[in-house]
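Both complexes shown next keep chain A, but they swap its partner, so chain B is in the first and chain C is in the second.
Here is the complex of A and B:
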């Protein structure tokens, strides 16, 4: 039984911790960006900017202030989403992040769903079929895919599914000529369903399969491995033995005890996977022409667009922090011992 | 007792495997269309009304006063229009927004009569006032392509006062005071009347001289007409700054529209046929290829890597793709295997436009390169045809610069001249004559008591495939005669900055005077290359002889073709005889499209985006 007070206390501590980490990240990013370029205003203004333009940017973003005040305004601007104007595209960086960010969330969430289902299912099977050929096969597959770099995997699936067997599109978010759905939530698949635009939905789904599959297949290995280990640990744990001794039928013991306990570790690593996948989007989105944050970051790197890169770094980092926070919350719900802060008594 | 769930899981997995295998067998064994259709007709006989083009790089901007890449040119050239366009036969120009033009005898004053009845896609009128605004706007904003106009016209860069004037004038019905400003004499762009504008040279950094490539500069997007009312409604002109709305929106007089949201950054640009195009009702006798209305309703340009482009061409998703580099031999082989696809080697002008490669030997940085014998030895040490064969499988050619192959006057300029040839023995002998140890092909050392040639840093960019592949070959060939080089990679941005910075040094380096350089045009004109190599004194294009810049200037101000040719010839011979540069190779450029596409005219080789043309209005299905 989960006690509400303890749970809220746990939640509060974790939230404060996450905020502290985010704060620390912002400070580190600020320091690094200033180390890389002592005159960020010149970067913001662009290559052929006038002195007066640079001065105006310094005044607007307080870059002519002492470093501690600059840091203060940097933190305020970060948490209020004021990242200024992109000197390369001329667009508001926050709006660019917003547009690209939701496209990436769509991709990463889809990948994560596939990863979690595949990883847990295969990890469970491998754990229950420990030391059999099935176990060996699963371990071989996940080690091989895990070791495969994103660019190789992406190009490989294009060659297979778009060239050799042209059954899936090689890139973009929708078929040529299809207008994307109106942005309601920002997530294309959801927006198309909300609009009852099934053509967009099906096209979006079709275009999502390959990039999501690449991320999922190349990353499911760690989830599988962790789940397998958890299953093995729990399988021979006192709890399960006790359940069997009490006469709980074996399959029922599996479902209720083994899987639930294995899910705890799998949930944790899945949250880590979210951050991992975010970094993988830089390559995958570029290869699949998926207009997400990864593609945005790639273009910013190629164009030396540092003012756009800084918020991308913050976005990625915040994404990892938030994902870990959610993992902690889920973890606590799955295992009441966490929120209680005490070990469950045996017996 | 066996684990029931485990048995069930195995059964489920097996069923899934059988289904996947069945689907795979079905697809592998069922005959299906391979590659794009050979005919454009569907079962109903109707032809498709849209085109999908796939390329590698997206535009940098949709603002013609800002964009400076060929993908950007591709979009702006279909949405906006300028005074003139290149003629179809490659020599000369035709009127786009100008119906005719005259030039003074000293070539300093160009008078353009403008077409009447031209409107922007929103109905706003185009006239001489708008053209006056558009040209000054480019200069005042002072972004990357502004220099194209600033060569010959007033330098009002970063001028707040002029920006304020531009924002204050009514271009539809200008007041008397507005007209006084636009019609006053003694300025670069002078309105004569509502449909007549005069361009007066001599106010730019070329000084008080004519410019033989002026019309070429006017074909660049920096000279396209933009709508003052629209810009005024979205921030106006700000000196020295981009306009954020114009970065991602485009509204011009052209045959295609780029509707709001047309550019999905990182994915695609969609062009839609302009239903209000001003030339829709003109008779065929009044039209030329540059102004005729579009045929296809929609052009969608996707930006994808090479593998995806090839996949989409094969599946029929794309009808035209940006070809891989000539050095990407495996990709070209994959393309050749696709049925119903045309792969055409384009005239070499396209390769020149994309990039012409050479070795630079800057004696102001590496003093040992000040010896003509040394430079000559280096030119003989390199196997040009071997490089072309091994890297490009023959899809490249040697050249004699600075006018690049296929460009106007190239053949006349190099008539009777021979490109540098490979002769290892002669290279070694020349190096020995220069006072250094040298090695003959048979291993003999010439001048054994002389000093070894100092090790040179050899600059190149690993981001350029051909340079990455050519570097080890050249390194080995130089080592064979006794010149040791130290391969020095530079990231692309640093590399291009280094190449095109005035001598003697850039980026704090004082030792990188030797390497592979390349040049690609800013606009389609031989003069662009001649000036770059002969007059600008770049790090990778040092002015070794003072008369190089004189010849370049003579060419720039030439008022007739014979003077122009003489200047080009003098420049070419001087550089060739003095071994100022080691002209390496110009890769071929390929056009790739399905068989059923036609109308891709190639008047302007500044087409390294889809590959080979700029205007989609004439493209259609056969």
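Here is the complex of A and C:
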């Protein structure tokens, strides 16, 4: 089968590209953390650090060695996951990253699911009802939510659903006093289900609703916008007119020629969304006291904990690169022209 | 010439209600920010930094339009003082990214070859960084200043501009008039300046006007996380974060400054989105014909036809 071979070579090329980008990311983060500031050891040790502390940090992170060796150690340590111990909490940074990372993945995946469903549905409706009141309403809503800063959204829903009508908790992952499930997969909701611990599951779900909804509602706009404009792109195109002319019933033509085309664009943009949402988690997790990677990053910045901050940046960026890779793969599965090298040109 | 393009711009911006609202909001906030800056803060009813411990956490009233914060500072005056800060940083971010995008994108698109490959791979690389996280890290590394906040955001902000410009150049590059210009032995810089730039600029400017709002959200998010700004700078996001501890008792103190952010960003988005739609040739013919822009053109044409008939 010719198509499979093309698909596999496309997959290989994209995987290599993603690896190259990851490598470049590590180099750029190195340049920022080691070169942008003339004396990184002093910055990492904090303002009032003793000379001996600065010297110890220099030794631990190889800062007293020539730059090329520093880069070598940095790359090796990053790809082997050896980030040392966190000077503030005294724990292994890689373990901290894993714990917080899975909590963030739980949050982001939950809101990504809401975003994609809501975004595509509303975008499709707006596109099909172009230039009507419904279209204007959906457009205003998505522009307004897109324009809402995360902190306003988070404070707003807490004020409404936790203070005015106290129905949902305003912070943390589980009710106080409830022991979290033992980590199996690392994702709390799945773990508590596997352990048949329904109290944890329900409490976890309750605590997940508000932060996930804030992230989703503030970010669905971009998916809606892309879906709407790709519906508009093909709605009056010849292929749809032809389908209708040869007697394809309306709903079927809409589904096969308009919705399907819109889905392709929505997939690509979902990967971009993933990056946006990761950025958004910093503020949302901070306000909801969700022990995720954004909260971890914020604490690292507040405490000038650079040895912990640098791996977090790399972790975030790798997350985006992997999401982009997955989107590319889905994209080529939905639209075989991509991996066949006859990709349509995007205007 | 200038008058004509201004009136065309006005027609575009006011072609539908949403973008007219956007244009008015945008212009309003810009005027306020400039007025505050030019008058040195004299348009504000109070000194934004003056504390008054006898009048803390006052609710919004005619004396204090937005109320006062935990140390008795007038929130309305602080919001006014924050406008030039927030708007200038976001405009600077967009301007710097636009400049980088035009230079790199035109080089990549027109010259092509190895340079194109290198620039596009570099922009792929920078596109992978989540904006706020990366800007946060850079801003935390650089000494705190407004300019450094703009720089740290620009660091992750330029790739979409480069791609947009490059795409535009690739679409125009093979047009006949460029080929003719080349045959006439025009210099490279002449073709770039007169042949290509004016044709890609409208699309890029529309994107930029939408983008100022997005940049403003990121600026105020950095402010909210209190990274990169000099201590006590009046900045909308930072103002919200300083009152997070009392937000459940005095919600308006956090809500009013963030609603101002919302209004500014919404203004820029509605404005940019409206113009984009009105300029899109694929979509414009299907717009419902009651908008002012389309309506006027039709009226004008009808009027001209009428006049022609009279002359006959």
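Heads up, the rule we're going with is that the second predicted complex is superposed on the first by the 310 of 347 C-alpha atoms of A that agree within 3 Å, B and C clash if a C-alpha of one lies under 4 Å from a C-alpha of the other, contacts with A are read in each partner's own complex, and residues count from 1 in each chain.
One rule holds for everything that comes next: a contact is a pair of C-beta atoms (placed from the backbone, for glycine too) under 8 Å apart; a residue touches a chain by one contact, two chains touch by 3 or more.
The shown structure was predicted, so the numbers you read here are calculated from the model rather than taken from an experiment.
Under the clash rule set out above, the superposition-derived model of chain A with chain B and chain C contains a clash between the two partners.
When the two complexes are overlaid on their common chain A, residue A:163 makes contact with chain B and with chain C alike. In the superposition on chain A, A:321 makes contact with chain C only, while chain B stays out of contact range.
When the two structures are aligned on the shared chain, A:113 is found in touch with neither chain B nor chain C. Legend: residue contacts after superposition of the two complexes on their common chain; A:295 is shown touching chain B, with no touch to chain C.
Once the two complexes are laid over each other on the shared chain, residue contacts for A:171 go to chain B alone; chain C is not touched. Using the contact criterion defined above for the overlaid structures, shared-chain residue A:139 touches chain C, although it does not reach chain B. Of the two partner chains placed by superposition, chain B and chain C are both touched by A:155.
Within the three-chain superposition, the chain B stretch that clashes with chain C turns out to be 329-337, the only such case among 41-49, 293-301 or 329-337. Taken together, the two structures place residues 155, 159, 163, 286-287, 304 of chain A in contact with chain B in one case and with chain C in the other. If you check the complex, the residues on chain A that touch chain C are 17, 20-21, 24-25, 28-29, 32-33, 36-37, 43, 130-132, 136, 139-140, 143-144, 146-152, 155-156, 159, 163, 232-233, 236, 275-276, 278-280, 282-283, 286-287, 297-298, 301-302, 304, 309-310, 312-313, 316-317, 319-321, 324, 346-347. Considering their complex, residues 46-50, 52-53, 85, 88-92, 96, 99-100, 121, 124-125, 128-129, 134, 155, 158-159, 162-163, 165-167, 169-173, 176-177, 180, 250-251, 254-255, 285-292, 295-296, 299, 303-304 of chain A touch chain B. The touching residues of chain C, counted against chain A in their complex, run 18, 121, 124-126, 128-134, 136-138, 140-142, 167, 171, 213, 217, 220-221, 224-227, 237, 240-241, 244, 247-248, 251, 254-255, 258-259, 261-262, 265-266, 269-270, 273, 282-283, 286-288.
Remark: chain B residues 1, 3-6, 9-10, 13, 24, 27-28, 50, 52, 58, 60-61, 142-144, 158, 239-248, 264-268, 298, 300, 302-305, 307-308, 310-312, 314-315, 317, 493 touch chain A in the complex.
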